[in-house]
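Here the structure is laid out as structure tokens; the discussion comes afterwards.
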Amino acid sequence: MDETVHGYTHRKDDVLKRLRRIEGQTRGLQRMVEEDQYCIDVLTQVAAVTKALHAVSLGLLEDHLHHCVVDAARAGEREGQEKVDEALGAIARLVRS
Amino acid sequence: MDETVHGYTHRKDDVLKRLRRIEGQTRGLQRMVEEDQYCIDVLTQVAAVTKALHAVSLGLLEDHLHHCVVDAARAGEREGQEKVDEALGAIARLVRS
Amino acid sequence: MDETVHGYTHRKDDVLKRLRRIEGQTRGLQRMVEEDQYCIDVLTQVAAVTKALHAVSLGLLEDHLHHCVVDAARAGEREGQEKVDEALGAIARLVRS
Amino acid sequence: MDETVHGYTHRKDDVLKRLRRIEGQTRGLQRMVEEDQYCIDVLTQVAAVTKALHAVSLGLLEDHLHHCVVDAARAGEREGQEKVDEALGAIARLVRS
């Protein structure tokens, strides 16, 4: 059981709610395209969904650093460094995405 | 009818296919969170969806510039400038998103 | 002579002023690092310079679309499309940068 | 003395070298604009400088997480959380920049 307690476990419901809203927004985007709505309006809505995804990323990263990274660092220097390296990979992907 | 021919009309099917795949990916993300998968793996997948949305944006923008902007510029100087201003707003939102 | 009239020619002074300010900011960054200022403060300043560079990019792109692209489109359909393709390459690099 | 040992102290020379190169690149950009070089070429070069600044940010963040955050977490739970909050602010600014 213990293994499945991740950083975001404490606010799993909030993350799920955000992801469900994003799923609804991508369905709305399909409707806009099917109804031949104006390109610029579709683009504005795509930017809104991208922003919502970025907010999910930052939230997950916040939980990860607050829980997994700090816990690992408190357990041992090397464990902390390993978790930091992993987090840095995710941050680099986030900056480029 | 003519009014509903936008830049992306020519590849509406491709845009819709990409958006449906993104919708599926956001459902996959919800499953990952429900199954308590590791934060970093969820983050990697969120970055992949964000990248896919950026690709949709660039595709829509490409169609918009190739069709709407060039057509408007050919119809008149002022029409071209207005469409460019509108496109610039979308590009600025895209860069910030 | 005519060949050297680009989109930004009309506000070359403004672009140069911004770039000189950015050069000064990067010198300020070196001073911060030499004086061992706190990492987070250095990072905040790097983000400010990056933002200033993005503003220069959007300004250059604005001039380019308003002048080069609209002019080319008015000269001919194919000329317009070629300039649009070139601009799209720059926009994609901007979004990824 | 101890106070001035930050995350990046260990590779201050590398950070300074990168910043000096970026300063040179912004001077090069001014030359390009003064010589009326083509907008798209200027834009490509601005994107290169922005990318170089992002690399500096990620390097500083890496040092900060590896040193300041892990050290703080090992000193105490609360100290670790405070450093994490500070780092998250910097990451959010980086993602938006």
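Per-chain numbering from 1; labels A, B, C and D assigned in written order.
Note that in this section contacts are C-beta pairs under 8 Å (C-beta built on N, C-alpha and C of every residue); 3 or more make two chains touch, one makes a residue touch a chain.
Model, not experiment: these values are computed from the prediction.
Pick from A-D, A-B or C-D: which interface has over half of its contact pairs in common with B-C?
A-D
For chain A versus chain C, what separation do you get between their C-alpha means, in angstrom?
Centres of chain A and chain C (C-alpha means) sit 30 Å apart.
Measure off the straight-line distance from the CA centroid of chain A to the CA centroid of chain D, and report it in whole Å.
That pair's centroid distance is 23 Å.
Using CA atom averages as chain centres, what separation in Å is found between chain C and chain D?
Averaging C-alpha atoms per chain gives centres 19 Å apart.
Provide the list of chain D residues touching at least two other chains, using ranges where the numbers run on.
Residue numbers touching two or more other chains: 54, 57, 61, 87, 94, 96.
Which label fits the chain touch graph of this model best, line, ring, star, complete or other?
Its topology is that of a ring.
Touching chain D in the complex: which residues of chain A?
54, 57-58, 61-62, 65-66, 69-70, 73-74, 77, 80-81, 84, 87-88, 91-92, 94-95
Enumerate the contact residues on chain A facing chain B in the complex.
So the residues of chain A in touch with chain B come to 4-9, 12, 15-16, 19-20, 22-23, 26-27, 29-30, 33-34, 36-40, 42-44, 46-51, 53-54, 56-57, 60-61, 63-64, 68, 86-87, 89-90, 93-94, 96-97.
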